[in-house]
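Below, chain A partners chain B and then partners chain C, in two separate complexes.
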Partner chain A sequence: MRSSGTRQVTATIVAQQAINGIVLGSLYVLVALGLTLIYGVLVQINFAHADFVTLGAFAAYFFMHLFGGSYLASIGVALVVGAVLGWLINVSIFAPLRHKGSELLPLIATIGVSVMMQNAMLSLFGPVPYAFETPYSQQVFRVAGTFFTAQSIIIIAVSIATIALLYAFMKFTFLGKALRAVAQDRETAGLMGINPSYLIMLTIVISSALAGMAGAMLAPVLVLTPFAGTSVIVKAFAIVIIGGFGNVEGTILAGLLVGLIESFTTQYLDPGLIDIVVFGLLLLMLAFRPTGLISERREENV
Partner chain B sequence: MSDAAAPSATAYRTSSRRIGFLVAALAIAVLPLVLGGSYWHTNLTVCAINVLLALGLDFILGYAGQLNLGQSAFYGLGAYVSTLLITKLGVPFWGAFAAGVAFAGLAGMILALFAVRLRGHYLAIASLGLAVIIHQILLNWISLTQGPLGIYAIPPPPAIAIPGLPRVDFRNPIALFYLVAGFALLTYFILDQLVRSPIGETLTAIREDEISAASLGINAAAWKVFAFGVGAAVGGAAGCFYATFVGTLVPDAFFITESFTILSMVIVGGMGTLIGPVWGAILLTLLPELLRDVGDLRLVVYGLALTLVVLFMPGGLVQAARLVRAKLGLLRERAP
Partner chain C sequence: MRKQAGYVLAATLAIGLIATASIGAAQAQDKTIKIGGLLPMSGPGAYFGAQDKQGVELALEQLNKSGVNGYKFAVQYEDSACSPLPASQAAKRLIDQYKPDIIIGEECSDATLAIMPIIEQAKVPLLNAGSSALKITDPGNPWTFRIMPNEVMQGVDIATQAYNKLNARTAVLLNETTNAGIGNAKVFKDTFEKLGGKVVAEIGFGRDINDFTSIATRVAGLGKVDVIPTYTLEGQGLKITQALAQAGVVKGGGGPAIQLGTIWLPFGFEQKAGKAATGYVRIVQFDPTDQRDMVKDFVAAFKAKFNADPTHLHAHAYDQIMLIADVVKRGATDAQSIRDTLAATKDFKGVTGSVEFDKTNQNIKMDTIHYMETKPDLSWNALKWN
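The block that comes next holds the complex of A and B.
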């Protein structure tokens, strides 16, 4: 029989890991939402998406350490860097390949971009991890035995605000409605006077901006190296598939789930097993429920 | 008229094929003698291993049309399974080789069972997932694989001693190159027979339009499993040779970036042809060696090549060669 003391310690550990998982998960949500939004309008995957996360993180790091900018402003810088990268990849890859009608060529081309970006960053910034310290990671609050840093409060606040803004944009603005129309039926939307090319561009820019911004917030939590994107992209893929490609609510749910899996695997199993657990879940989902946690009508791709 | 012309055209194609194989065999025989020194012997053997990897992926991607990002996993499985059998259980080399190839092929078929329900992007992600899982298992199952510390002193294949013939010792790098390159040539020959048989046409039909293929009575699911099995087994064979050639195994040799490198070779060469990936593998193996100064930027070149080829010449080197030949043909016709 366990004493009430150990039970309380266990409860505290569980609460602590739940907090850590939600912080991490909300960042994964920001990254995965971009992938899922692009998939919604374009039915394509940007494999370099996570490298936008990494470059956003490096942009924020150098903005703070070379130019002495504040951390909150550096999140904005990362957002702009992400948006520019999104515009570039649309102009150079997605727009020219859109009319060739191949499902796989754009994906392969963005794999090339990802390999290029990672190795260019490697030769520019080197393989040694950067310690991305923000003034907020030192401020610790203690609530009922659990710890949180000001950093994690910023992460959760910015993530919730961003997701709420995005939701409002999609639901209430004309552009947002047009975007959903393009996602449902690109040709008919075109007949209604909506310019699909413009909206696809806008979606990729918004999605990539989210990725860059997520980078500025992820780097202080994880390790910042040129290959940071690789571990993020594999989890983001797992999230979009577990949540259902193109499904925003499912992606949010799956993102938090993967964050929680990661923190509890670290606590109770072994950090080396995170990817195995996450991808084991992914393969199970693909085998038994390929439309994702929340089923949708879009089934023709499965 | 046309009836009479058809067989002779086929005969011509068959004879030019034979000449091609002969030239390839000659090149394999002569190259390590002309290009002396361990530097070139290493490069040539790496070329042969990469040719095998690219051929295996191309059979899945170029012919069956399934984007497999898990080739690094099959490569790693072949390497680790054969090596562990040799070092832990003392299985003879060729028995371990057969087991490594079979294990990789089986893993490919299991992945293909997912491919049966999944197409395009979903399959790409599932295969990437497999590559991540296999790499993580190799890294974390330390009691078996020694994790990041790696396995050292992997012996070369045993010498072949046939009475009356000179003894072939694979500690000699030239002999080892002949073994790997000879195996690659044999693989090319078998795959070439396969893709020009009705099986090849069946796979192409699935690649072009799975639904129409199914309406013709083709069991697309079974053929995808077949294509994955073959392509993964060839990747596994490359892994067995890699282990015995390098003599050391670490999990990071089979990280997912290796899948992208192999993909670059197939795309740059020209997917859906067999000769394309061969040239792609040779070019992308030797190009960074020739551009020594590039150093760290080797993989930047790979990524750039991959993107540019997809954008401007999706048929790769094979398409470029056809264009050049067509231009030359036009010039020749105009000349007289």
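The block that comes next holds the complex of A and C.
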């Protein structure tokens, strides 16, 4: 009798940690998608991605608190703010540097943009943590011993919708196809009448928009300060690498995997070991399967 | 040629004037007590620095109106980021360039422990008000003083009160994996187990953890737990309290467990955490509703200047500067005499309580420690345990 009771408790805990892992993993996927997209098209790492996430979170916060907007609308606002700022930074900083022909300059510029954005947000919003409340994180559902919030349902729904839209865009629209062409071979795509500069701009805008939206989704989970994004970005980088640089399917799988690793390591080992397990996996992947979880030819990634 | 000579003459005169002016300024500075502020202004502990600075500013404004024994007070800040490496670099920069007579800071124990040897070598006193690790004053460093209770003073008391007053017999420890987090948790565990209580689980985590749902799930799976002593900075503290409520573990989420906290959390934590904080019991060293005249004046002056309620961080920083002013009043003029006079402090009265240092330079007067319980309307219920 007692053992079946214990087994039931164990099953509930496993189910609960699976839910926790998938919700957290979905958030990681949203952050990592933008990174992987930029890598796929530009073969460039964007160190300012974390700060677009933070900015999205603050945009959502102020939309709700200054204009009385709803949380769901604030997700859209964060997306737009991310997109606009991404466009602005591309036009004013990244594009001119890219035209100078160096691969290194835009990469270093992303570090500069990151420091600049962090300090701008620090002076605008201050260092004291903000409490980001949504009516949905208070709504707790309890089903068969497990619990989840309305917020986590929104997180999963938005993640699925985003992934589906991104897929449809890439596979079925002209721009999406052109984007994949630029990812495969920038010069040849240019010869075929595709304007690579325009498509690179589009990639940066989509990526920043995704980061901004991820910020609004993460905000209720994050300790919201001007440095909030940096706490998830290291994991997002790990996810991009485990997923195979620039591989969208791989990134989704890796994001969920890291979320699950985090929740089960917390349950059965120790939360202090999460980074060791995640980055241990990263090293193993680099050593034995550098193409990522889903092996594909590099050219076809995005 | 003549025109050029005129320029040279004018330039020489100008340089001469500037030099004279700066000598004048230097002479004026001779009558200034230079205070170095090693405070976190970036990273997860940045809220400490922001609030400490306001407390310091208020004290300086009040003191510099007339000065003390002919001395004015000036503070130079460096960002020490609540972390050992940036704190050591900031300490070196401060000592080399500003040459302070005394330094206040840091908040995080890891950072304070890192800067202590550097400051000791420079023979500058360090006045700390925010770090709880025992090692800071045990076995004692002649140049480091602390006015806040250390982890043993806090931890032994919390564990004893939990066992006796709350009838707690089981506990789960949640702590950040820093010197202060680990140290505080250990003191609670040792005391609680000695009394006959049982620590069911000890869960440590890094400062990069954001989502505490998994940790709350693990706690929920441990069965009935009476108390959950928690040792984190404010940001993670908020997330833990909310996750524990969502998992139905603590009173704020309809569960039986009571979360216990230390002086780390500032006033206003409950309002940010929302109803999840209901039933939270914690130590506060500064109570803004304290009826002593000194506290009432401080709260009024603070509100007038910043249009907000002061937290214990504001109060600690204010007391640090006021204690330095008290030491100057008693005749101290430089680093060495400030150290010696500080060590002899017997009955300084501050807004966070009295100060008297023992031979390890730890403040032994703990007369204003209060236990507060968070009521459902998020206001405090003073438990009057001490």
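For the reader, a short list of remarks on this structure follows.
Here is the rule we use: the second predicted complex is superposed on the first by the 290 of 302 C-alpha atoms of A that agree within 3 Å, B and C clash if a C-alpha of one lies under 4 Å from a C-alpha of the other, contacts with A are read in each partner's own complex, and residues count from 1 in each chain.
The definition used in the following text is that a contact is a pair of C-beta atoms (placed from the backbone, for glycine too) under 8 Å apart; a residue touches a chain by one contact, two chains touch by 3 or more.
Model, not experiment: these values are computed from the prediction.
Model built by superposing both complexes on chain A: chain B and chain C clash.
In the superposed pair of complexes, A:166 makes contact with neither chain B nor chain C. When the two structures are aligned on the shared chain, A:50 is found in touch with neither chain B nor chain C. Judged by the touch definition given at the top, the superposed model places A:24 against chain C, while chain B stays out of reach.
By the touch criterion defined above, A:105 lies against chain B but remains apart from chain C after alignment on the C-alpha atoms of chain A. Using the contact criterion defined above for the overlaid structures, shared-chain residue A:211 touches neither chain B nor chain C, since it reaches no partner.
In the superposed model, A:41 lies in contact with neither chain B nor chain C. Legend: residue contacts after superposition of the two complexes on their common chain; A:280 is shown touching chain B, with no touch to chain C. Once chain A of one complex is fitted onto chain A of the other, the partner contacts of A:221 are limited to chain C, with no touch recorded for chain B. By the touch criterion stated above, A:122 is placed in contact with chain B and with chain C alike. Only one of the chain C stretches 5-13, 77-85 or 347-355 carries C-alpha atoms that clash with chain B in the superposed arrangement, namely 77-85. Common to the chain B and chain C interfaces on chain A are residues 122, 234, 270, 272, 275.
Here chain A touches chain C in the complex through residues 9, 12-13, 16-17, 20-21, 23-24, 27, 122, 126-129, 131, 133, 137-138, 140, 142, 147, 149, 218, 221-225, 227, 231-232, 234, 262-263, 266-267, 270-272, 274-275, going by the rule given at the top.
Partner chain A is touched in their complex by these residues of chain C: 41-44, 46-47, 49-51, 177, 203-211, 213-215, 217-218, 220-221, 234-236, 238-239, 242, 246-248, 253, 271-274.
Of all residues in chain B, only 67, 69, 114, 117-122, 124-126, 128-130, 132-133, 136-137, 139-140, 256-257, 260, 263-264, 267, 296-300, 302-308, 310-311, 314 touch chain A in the complex they form. Against chain B, in their complex, chain A makes its touches with residues 39, 44-45, 92-93, 96-97, 100, 102-120, 122-123, 230, 234, 237-238, 241, 245, 270, 272-273, 275-276, 279-280, 282-283, 286-287, 290, 301-302.
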